[in-house]
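In what follows, chain A forms one complex with chain B and a second complex with chain C.
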Partner chain A sequence: MSIYPKYIRVFKLGVQASMEYRLDFAFSLISAFFPIMIQYYIWTAVYGRGSDQFFGYTYGEMILYTIVAAIVTKIVTTHMDHVIASDIKDGALNKYLVQPASYFGLKLFTLLGQKLFFFTVMLAVLFLVIFYFGGRYAIRIPLVNLVCFVAAMALSLILNFLISYTISAIAFWLSEISYFFEMTGLLVIILSGGVFPIEVFGRTVSSLLSYLPFKYTIYFPSNVINGKLVMSEITEGLLMQIFWIGVMFLVSKLVWRIGFKKYLGLGG
Partner chain B sequence: MKTRLGTLKTYGIIYLQFIKNCFIAQMEYRTNFILGIAVEIAYLLSKLLYVVVVYKSDLHIGDIPPDGILMFVGTYTMMTGLYSGLFFTNFVRISDYVRTGELDLLMVKPISLQFMVSLRYIDLGMPIPNLAAGITMVSIGWSALGITVTAYHLFLFALYLLSALVITYCLMIIPAILSFWFVNTGGLAGIFYAIWDANNMPMPIYPRLIQRIGVYVLPFLVITNFAPLSVMERLDGGLMLWGALVPILLLVCVRLIWRKAIKNYSSASG
Partner chain C sequence: MKEAIKVEQLAKSFTYYTKEVGVINSLKNLIYRKSLTKQAVKDITFSIAKGEMVAFLGPNGAGKTTTLKMLSGILHPTSGSLSVLGFKPYERKKEFKKRFAIVMGQKSQLWADLPAAESILLNRYIYQVEEQTYKRTLDELVELLDVKHVLNVQVRRLSLGERMKMELIAALIHKPELLFLDEPTIGLDVITQQRVREFLTHYNKHHKTTIILTSHYMKDVEDLCKRTLIINDGRLVFDGNLNQVHSAVNETKIVKLKFSHSVEASRLEPFGSVRQTDGFAATLEITKEQIQPISRELLDLFPIEDITIEEKPIEEVIVSLYNRTQPV
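Moving on to the complex of A and B:
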């Protein structure tokens, strides 16, 4: 690790930056609570009508999915696409280009540092929730699932960063970016299963989504923890996450290489 | 009385001027205009997922069938459109005015400062998808439920929409006004948006306590529930009266808070 002191430095800076806005973080925790509440009442009404399975989920699994997915969404959404895109647009990228470090590495380690504090707090919140609801709906979660979940979350954070990093390269071509990344960010969350589990979209769409990386960022980790997936599916999912991290890494490198030819370095 | 009407007319003319200015400005940046619409479509898609869930699971809330729920979702979508078009841009800017001291310049204009600050920018593009989708959903739900289209029903629906618009203004401006005291109110505004989304579903889905709070304390639930409930004839006399009174009460409150806030303005870095 000590070969990369500069990245450790930005990692630490990221940690410090995240501690700066604790109140904002607390607020964002509270606002995560409302969608959970709304969906909780929707599902309670849905399952109250007799049938014990909808979209392939039991009531307990669905409630746990709703809660976990909302928290996972908060953890993995990075807003990095916004930051990177505006770096490209207003020329702030210039100053990174002359530094003896890779922009990709700097951003990745800043993000990891920024998320460390959130990640820990959120995991603690999550485990409390899981123990409470797991007991209430008689869902037994083996310890190995918890371990796999932490691994899946870490991988999902990296995968999500790579997706954002790739999408943000569009800023090389677009002349106006302010709204664009709000739209892509939202679409990515929908496709990742952050609003509802992807089974809700119907068979065709959800099987299409199996060929894309998105569902491995929110949908997959959430289903690891609610006990819906068996061990072999979890292992397969983790491998798919690693596979997609590899693919997205290559895609992002490629897109950025092409994009750089368009880079004007305006402003700076 | 005559001068009152005269003032109202003047403000009407100024508001039309605002619309004209915004239209000209937005036509200058057409890509932005179209992207703004695209963003709203993305939000709309995420809300329509709820409709998919409602129909696929054949959700009944109390004795409200899926078509009835569609009317509520439609009203919610319409109100979201109106909010994003008429108020959102203004409310976001208020904390900037305060932080940068830009308010100084607005203060010296010879019209009401609150009017100027809170209604000056109208976004003509963003509300289009929501309004179109919302009106469609309400119409589908309305006819599927077999509610007769009478002048009385239309009047009721329009009345409660108007009341909802005023309530929306009063509630959503609160985080912005608080920025006179606290610099960063983004987190609080986030909470208000989240509560706003509770309107996505008819209120009978929530427990009685939440309904009471949502109707009488922080009247968010009045915004999208009263219009459809009134034409379904599920509102009793007391609630009907309350729905008409709330906007007036809130307007008075907001006006008082606004005055207090202005006294607190420190004209920083102006």
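Moving on to the complex of A and C:
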């Protein structure tokens, strides 16, 4: 037997477990609606006062970005940092340590499995939004963007997992950290462009963010779907995603190796 | 190789911090924390043969679980050497992991949202068990533990006893040669405890699996294990059959008396320590050497209807062992 069936198995388990939380999922969809409402009124007020473009976005584009980014955020946010950190803190990590399987692999494939169902539902919701707004504000989205978007979302989910996985290693050193993750979670979402497009932060900050992986998790896929990017930019973005996945993979390995040493009582 | 486990001079120490009561001290701790070292396990040496069933006994914080964690590779020892199934556990090699299992009574390894059958099947893939073998093993275990009817029920809806049985099945599905059980019967009712014990005895006999368990329940240890390692304050204070504990540490016996007329407690006191008396019955604790002369004297002096001489209950013996820090 090859070594992969176990990961396929946890993937399937993830799908099944997520089905147990259908109602929870429905609530999370509804909860995404409120921030969108707030932003809708803010932007309507802002755009009502003159200029028809802010930060390079027209009113329609801005509203579309807000909605798309909120949905993308829902899809790519993993909440894995909480799960992993509590595994570390309460010793649940032990049971994985004694099994001939990698914790990283098991968690990643569980997550992908858990997300599959949501991913599909959310994509359907998203496409409805796009078609509605596309007609209303005359924003045309070519089919190739839709395909690239799905690819960008998948990569973004993996990248986000790696970011969470790296951040959660802090639990090896700090034990009371639920607010820490509250903070980093929000910060990561803001830096990723989950609330505003990152142009809003001004030229300096947004060029700074180009050197970090965050914007490739929400900002980039959102702009792929709302038609802001041309094909060459999309290709570049996808490559950057792959690049950052590689980098974060190595960083997470390193951080976890050090963390494990402490966990196992090797000193440090 | 006949030894499953060989441990020499094994030690483990942790660093930790303390904080005095009060806000000021909390603030002090922000800047400077005095780190202290706790020696959880101190130079333990023992070996366990293949197929043996051994219990670790000891009060909370004695170092039982720490030892178990080192044996299973979860913790790295501070010093000393250990070899489990010919491997060094802390290297956590895949071949080693495939050959043992650990069940922690307090921590579930099952997926709470899904039926246990799913977690068990997952373990089949993790441990790469052939389908035929898997089916046979599962059938056997389910039969033995009598849990067929709850195999497909969501784990969070199971009773504690059912859950524990599922944990055992999940742990044994790859037929490990070595099984660690950390308080397997904790919180279970008496009948379920009995069932789990019977199962473990049966399993140990039929599959020659080496089983090492920790427990607080004396019954577990008495019923299951011929050999007991008692750990206190990180040291091994007793290694052997529990029945020998009596001769090893126990200098007194219990004498129970029944009288035909009421006897005052004060009259009994010269003969030994009086544990209990209500006029018509009394319980005395008398040192072993004096049993004969004293019981003779008692028979002469008092209107005795019945006299029995017993060993001290094992729990009490263990408590006296817990107070030791030097080996017997």
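In this text, the second predicted complex is superposed on the first by the 260 of 268 C-alpha atoms of A that agree within 3 Å, B and C clash if a C-alpha of one lies under 4 Å from a C-alpha of the other, contacts with A are read in each partner's own complex, and residues count from 1 in each chain.
Here is the rule we use: a residue touches a chain if its C-beta (ideal position, glycine included) is under 8 Å from a C-beta of that chain, and two chains touch if they have at least 3 such contacts.
These numbers come from a predicted model, not from an experiment.
Visitor: Here chain A is shared; do chain B and chain C fit on it together or clash?
Guide: fit
Visitor: In the superposed arrangement, does A:208 touch chain B (first), chain C (second), both or neither?
Guide: Once the two structures are laid over each other on A, A:208 reaches no partner at all.
Visitor: Using the touch definition from the top, say if A:49 reaches chain B (first), chain C (second), both or neither.
Guide: first
Visitor: Could you let me know whether more residues of chain A are touched by chain B or by chain C?
Guide: B
Visitor: Tell me the contact category for A:254 with respect to chain B and chain C: first, second, both or neither.
Guide: neither
Visitor: Just to be sure I read the superposition right, which of the two partners does A:9 touch: chain B = first, chain C = second, or both, or neither?
Guide: After superposing on A, A:9 lies in contact with chain C but is clear of chain B.
Visitor: In the overlaid three-chain picture, which partner chain does A:98 touch, first (chain B) or second (chain C), both, or neither?
Guide: The second partner, chain C, only.
Visitor: Should A:128 be classified as contacting the first partner (chain B), the second (chain C), both, or neither?
Guide: Once the two structures are laid over each other on A, A:128 reaches no partner at all.
Visitor: When the two structures are overlaid on chain A, which partner does A:195 contact: first (chain B), second (chain C), both, or neither?
Guide: Only chain B is touched by A:195; chain C is not.
Visitor: Let me test your reading of the model: by the given contact rule, A:17 touches which partner, first (chain B), second (chain C), both or neither?
Guide: second
Visitor: After lining up the shared chain so the two structures overlap, which partner does A:144 touch, if you call chain B first and chain C second: first, second, both or neither?
Guide: A:144 contacts neither chain B nor chain C.
Visitor: For the superposed three-chain arrangement, provide the angle chain B-chain A-chain C between C-alpha centres, rounded in steps of 10 degrees.
Guide: 80
Visitor: Using only C-alpha atoms, work out how near chain B sits to chain C after the chain A superposition, in angstrom.
Guide: Superposed on chain A, the two chains' closest C-alpha atoms are separated by 5 Å.
Visitor: Need the overlap of the two footprints on chain A, from chain B and from chain C, as residue ranges.
Guide: none
Visitor: Spell out the residues on chain B that touch chain A in their complex, using ranges where they run on.
Guide: It is residues 29, 31-32, 35-36, 38-39, 41-43, 45-46, 49-50, 52-53, 56-61, 184, 186-188, 190-191, 193-195, 197-198, 200-201, 205-207 of chain B that touch chain A.
Visitor: Taking the touch rule as given, give the residues of chain C at its contact with chain A in the complex, in rising order.
Guide: 12, 14, 69, 72-76, 78, 90, 92, 94, 97-98, 100-102, 104, 107, 109, 111, 113-114, 118, 121-123, 125-128, 130, 154
Visitor: Where on chain A is chain B touching in the complex?
Guide: 23-24, 26-28, 30-35, 37-38, 41-42, 45-46, 49, 54-55, 175-176, 178-180, 182-183, 186-187, 189-190, 195-196, 200-201
Visitor: Please name which positions on chain A make contact with chain C in the complex.
Guide: Interface residues on chain A, with respect to chain C: 1, 3, 5-6, 8-10, 13, 16-17, 20-21, 90-92, 94-95, 97-101, 264-266.
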